[in-house]
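You will see two complexes here that share chain A, one where it goes with chain B and one where it goes with chain C.
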Partner chain A sequence: MTVPLAERSGPLAAGDARRVTGRPAARRRVPSGRLLFALPAFAFLIVFFVYPLGLLIDTSVREVSLGSAANPGNPVVGAENYRTVLAEAAFREAVPRTLIFLVGSVALQLVLGLCVALVLNERFRGIAVPRFLIYFVWLLPPVVSGAVWKYALDGTEQGAVNDALLALGLVDSPVLFLTRPGVALAAITMVTAWAGVPFVAIVLTAALKDVPGELYEAARVDGCSPWHRFRWVTLPSIAPTLSILGTLLLIYSFKAFDYIFVLTQGGPGTSTSTVPYLAYLYSFAQFDFGLGSAVGVVSVLTALVFAVPYLLQVRKEEQS
Partner chain B sequence: MLRPRTARAATLAAAVSLSLALTGCGGGGTTQAGADGGAMTGELVVWHYYDEGSGGLQPFVKTWEERFEKANPEVDVKFEYVPYDQMASKVISAAAAGKTADVIMTAAPWVPEMVKAGAVQQIGDKWDAFPEKGLFPEKVEEGGILQGKRYAVQSFANIEGVYYNKTILDKIGASVPTNLDELEAAMAKAAAAGYTPFTTAAPTGAGGEFSAVPWLVSAGWSYTDADAASGKQTLERIQTWRDRKWLSPNDASGFNAGKNFTTGRYAFAQEGNWMLGAFKKDLKFEWGVAPLAGHDKALIGGESLTIGGKTEKPALAWKFIQDTFLSAQGGIDAAEAGSVPLRSDVASQDVVTKDVNLTAFTKIAAASIAAPTVPNTGKVSDVIGGAWNELIAGRIDADAAADRIAKQVPPLLAD
Partner chain C sequence: MSVAESAPPGRGIHSEGRGWRRLGLVFLVLITLAYGLPLLWMVGTSLKQAGDLATDGWLPSHPTMAAYRSFFATDFLPALRNSVVISGTTTLLSLALAVPAAYGLSRVRSRLIVPGLVLLLVVQLIPTSATFIPLFRLLAQLGLVNSQFGVSLAQATLFVPFAVLILRPAFNSLPPALEEAASIDGAGRLRFLVRIALPLLRNTVLVTAAIVLVSSWGELVYSLTFLLEQDKYPLSVYIAQSVGRFNNTWNLLMSVAVLASLPVLLVVLAAQRRLRDGVTLGAVK
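Our next item is the complex of A and B:
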């Protein structure tokens, strides 16, 4: 429903003008003095974002090794690095693997995060304990929690998880969590999701608290079961948050590095290397910075694909 | 946990021919400051990567600092730690900025790139003037030479051998194996008795080369004959061990062999001499190093020292290297830490000869080889280490591993 302009308080926004006239509002000239205040932000963006991005693109079309990295004027090879990357089996295998990792990781984070948020949204004695645990996990540096998981998932009976599985009689021999290719990717996905659940839970708990209580009251009066209240009240109310969260998680998960590095270093072979992790391997294991930068550019472009829907959603939210 | 990464760096040497019978003359030669050698006083910065994962080598940092400062009160030695993985990039970026450390600890795969970036300097004249250079095996020290020019020197070697758990062998009625058939018979008995027969290291990336090459070269394979049938046969044998579940399940996830062996549940472990000190202290069972035909050669590792390309004190830097790293006392330090000293006068001392396990390692070292010193040394390590990792993890079989090594190594050596 659109609220009549006359009934609204506050300054007129550009979006309002567009809705009224059907045309974008004429842009007002901003006094140049005010632009000075934006200079630090512009300088920051240029130094820390634009310049590195330019350097990345420039390196991706050159032949740069460790010994020549600091030298100016490394030979330009054009699209050769990109052709090499696309022809590499490691890259071609990494693409579907990255998709599997992304889908698995994001889905787990959203589902588990929502479950935890529903618990945290309730009021009961001892709620402080799960809240503390969630914040504790969230605050753990990935390298620390990754090291703990590495020991927990050790493929011998020395690993805590295997020790428990063997003690419970659920397996006959230790599960090779980190050294069996398919299993290792699943393990990385789960650990990454585990680390992301607190963030999702915290955000969704805030969203759940914004759902008007009257809606639940009305649903109860209409005889809705708890499942129906969840399905027809809760989910639609937090859908915009879920949508933005899902997009953000896609971007975060795509960039995931810490747990892959700590748990498997992309192995065995390259069986747990995602596309961004390959950029690291090319650059800092093989010291082929040109190749690594080419994968980096591909990764940036892919992240942009995820970022565009996010930006559109944010803009839509702002306008509404 | 001890991590042997410092010793896993392939050496600059071409081969080791330890001459244990030779006993050279002692005496320390010291370099006088040359007219162009810079100041012989003040601060001397040494970049190293010895950390808690370096076992008995880590205390060298303090020992060398104290010893050198005591002998040279006008010098202030500053040891600065650089993580192993970051040393090469740190040195090269520092050179680009116009300032390197005075002395740099390095490993073979990095040297060509460091030379290319001007991050290290030639030390051939200093080495030639070193009065005790004759005590070092010539073939080893040839390894510090790239395209006819010397850039680094080595003082002790690190290699891998096969440790056995004597307590387990006694329980299962097996004797210490002397060849691969006996080893497999003992492993079969260990498996039947519920022990894990063997543990090795097959981490992702280049690190596995250090564990793969001993089996390969002992069977007759070499870097220059990478498609030798013996290489494939050896990998097939390892695959058999894998398929029989004789290898530890966590071998492909990192450097776990030493940690595994310490638990007392493993009959054999392929580990380095750098673990001798820790094993002497920590192991609660009888153990030793097997004199094993089939693993009687290895890949030589160990640190080299070099002089930073941008140092203003090259003479002082060399004096430090000479008086600590290359000295007889430095060799004894290395031996006590479990490393194989390269100086012939140290190799014949009690600290080596009365230690039966260290002696076993020196015998292996005498027949061992080094990674080739070529611009693509690092990539060669990636190929062999990667194939070893995937073979042990069950991702590929021996045919594929042998094929990859045979096809990819020769072109890298030729480039």
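Our next item is the complex of A and C:
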């Protein structure tokens, strides 16, 4: 990355000078001693993030048994853990499953989040209620929403969803939402999307407010239908935000842990485990920290690949 | 659809066309149901009698506070105390590191800025299920496994980057003349930060602190894996572990869930609009 995330600090900031000369402008009365203020935070992150990443790689090439997890002297087994993981059916099945989960959850969140944002931006009587609910659910602890859905999706008549489905005559017997393999994955995807839509909606509401009103006026004067205004004014205006959000949601969904843990613990079997969740299962259900770390390294690399477009987009945004 | 005369001026894309507006209204009702009913279900269940769980519909037939009372009598206060200690420590620690860092990274030209910002972004993107294994090893080396301070340290790695990225644009927005004037008056950088910048940015800092506080309040992964004894668990772990145990006492679990969401309720009631600015800056800008 050769071009810095451009800083714009004022009407005539040093960034403008750089654009002309191609080099950083002279430090205007802001000597770099100021950077020292960032030192504690970065020292902290190096000890508690960068160093642990090194430990993760180190653990992934060792054989670590229960009880020796904290010792540095475990035997090095090279790529053995990786070979084992790649041969494991649980891992091989988790890869396509993770992709399905990612595509489903990101698509649902983007589409529904955009719809929610469009509606919340309108003037309706009583709109304060759904708006409040959206903010509330956005900040609700995932364990709380997870617990609520765990009971709501309960596979007996007691569960709210089954109760409703039975009352409406849509099903004859309760659906086992969380204990049947295919259904459980769909349920996890739905709950993840339910909990993720508010964040998308809030970000997009802000983006929609930034669309210049004159554009709509012009479109109106030209006689565009509402659909055409959406297609040719709204959508292009919020496209940059949508594309950053898309990558961000991909990364967030890949990190999903809490809903899986609360709703199914990755089961039945491992049928609702994503690749990162397997790292947890290997480590804290099988107590094989070596295998868990190997899956962890794979997860980190995947997350970094997902992050590349995000980092590029952020850089582009900062430059424009 | 060419009916334009009834539309309020210059607002949104659906402001004309009855059909679209009606569609919007239907969708609004659906949103309210989709987000309101699960919460109603949570509160309703928490007020049910244990014996009525199987027979009651969505609302309790004999509303009672029994679930709350029994939970208060047993596990609530220790779990609440743990949650307060952990999320309070995490918030103070995160802000203490992030505020100076955001100031230090604002309006500085240096080769170090780009790698610094990239590191902050990357820290937030790595799955926590990959970091808790080595963090466990590190905390063990430091003697901080099964310690709530260890959990706070681990959580701070999530929130320091988030807070820096929200706060840095705020520091950028302060007029440079302000700091120049302060330095002429002989105020050092630290005094400028504490006496002048922080009071001006009070609202942004408070919103950031509020988001960190509720996120830490609900954090599960690190609390679950680094704490080994029941009496150290915060509410979030208590809930997660109770889900399996409480199979026939959902009213108890839902009362815990209601209590755990109260801080969120307070924060949203207090600062709904500012929250949007906070999340927008931090996430996408």
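In the analysis below, the second predicted complex is superposed on the first by the 282 of 320 C-alpha atoms of A that agree within 3 Å, B and C clash if a C-alpha of one lies under 4 Å from a C-alpha of the other, contacts with A are read in each partner's own complex, and residues count from 1 in each chain.
Rule of thumb we're sticking to: contacts are C-beta pairs under 8 Å (C-beta built on N, C-alpha and C of every residue); 3 or more make two chains touch, one makes a residue touch a chain.
This structure is a prediction, so every number in the text was calculated from the model and none was measured.
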(message) Contacts for A:284 in the overlay, against chain B (first) and chain C (second): which applies, first, second, both or neither?
(response) both
(message) As a test of reading the superposition: which chain, chain B or chain C, is in touch with more residues of chain A?
(response) C
(message) Output check: A:140 vs chain B and chain C. Expected answer is one of first, second, both, neither. What do you get?
(response) second
(request) State whether A:180 touches chain B only (first), chain C only (second), both chains, or neither. (result) first
(message) By the touch definition at the top of the document, which applies to A:266: first (chain B), second (chain C), both, or neither?
(response) first
(message) Is A:158 touching anything from chain B or chain C once the two structures are fitted on A? First, second, both or neither.
(response) both
(request) Could you pull out which residues of chain A sit against chain B in one structure and against chain C in the other? (result) 69-70, 150, 154, 158, 265, 284
(message) Which residues of chain B touch chain A once you look at their complex with the stated criterion?
(response) 85, 88-89, 92-93, 95-97, 110, 112-117, 196, 203-206, 245, 248-253, 256, 260, 263, 378-379, 382, 386, 389-390, 392-396
(message) Under the definition above, what is the set of chain A residues touching chain B in their complex?
(response) 65-71, 150, 154-156, 158-159, 173-174, 176, 178-181, 264-269, 271, 284-287
(request) In the complex, go through chain C and note every residue touching chain A. (result) 1-2, 4, 8, 10-17, 20-21, 24-25, 27-28, 31-32, 34-39, 41-42, 45, 53-54, 57-58, 97-98, 100-101, 103-114, 116-123, 125-138, 140-141, 145, 153-154, 156-157, 160-161, 164, 172, 175-176, 179-180, 183, 189, 193, 211, 214-215, 217-221, 224-225, 236, 239-240, 242-244, 250, 253-254, 256-257, 260-261, 264-265, 267-268, 272, 275-277, 279-280, 283-285
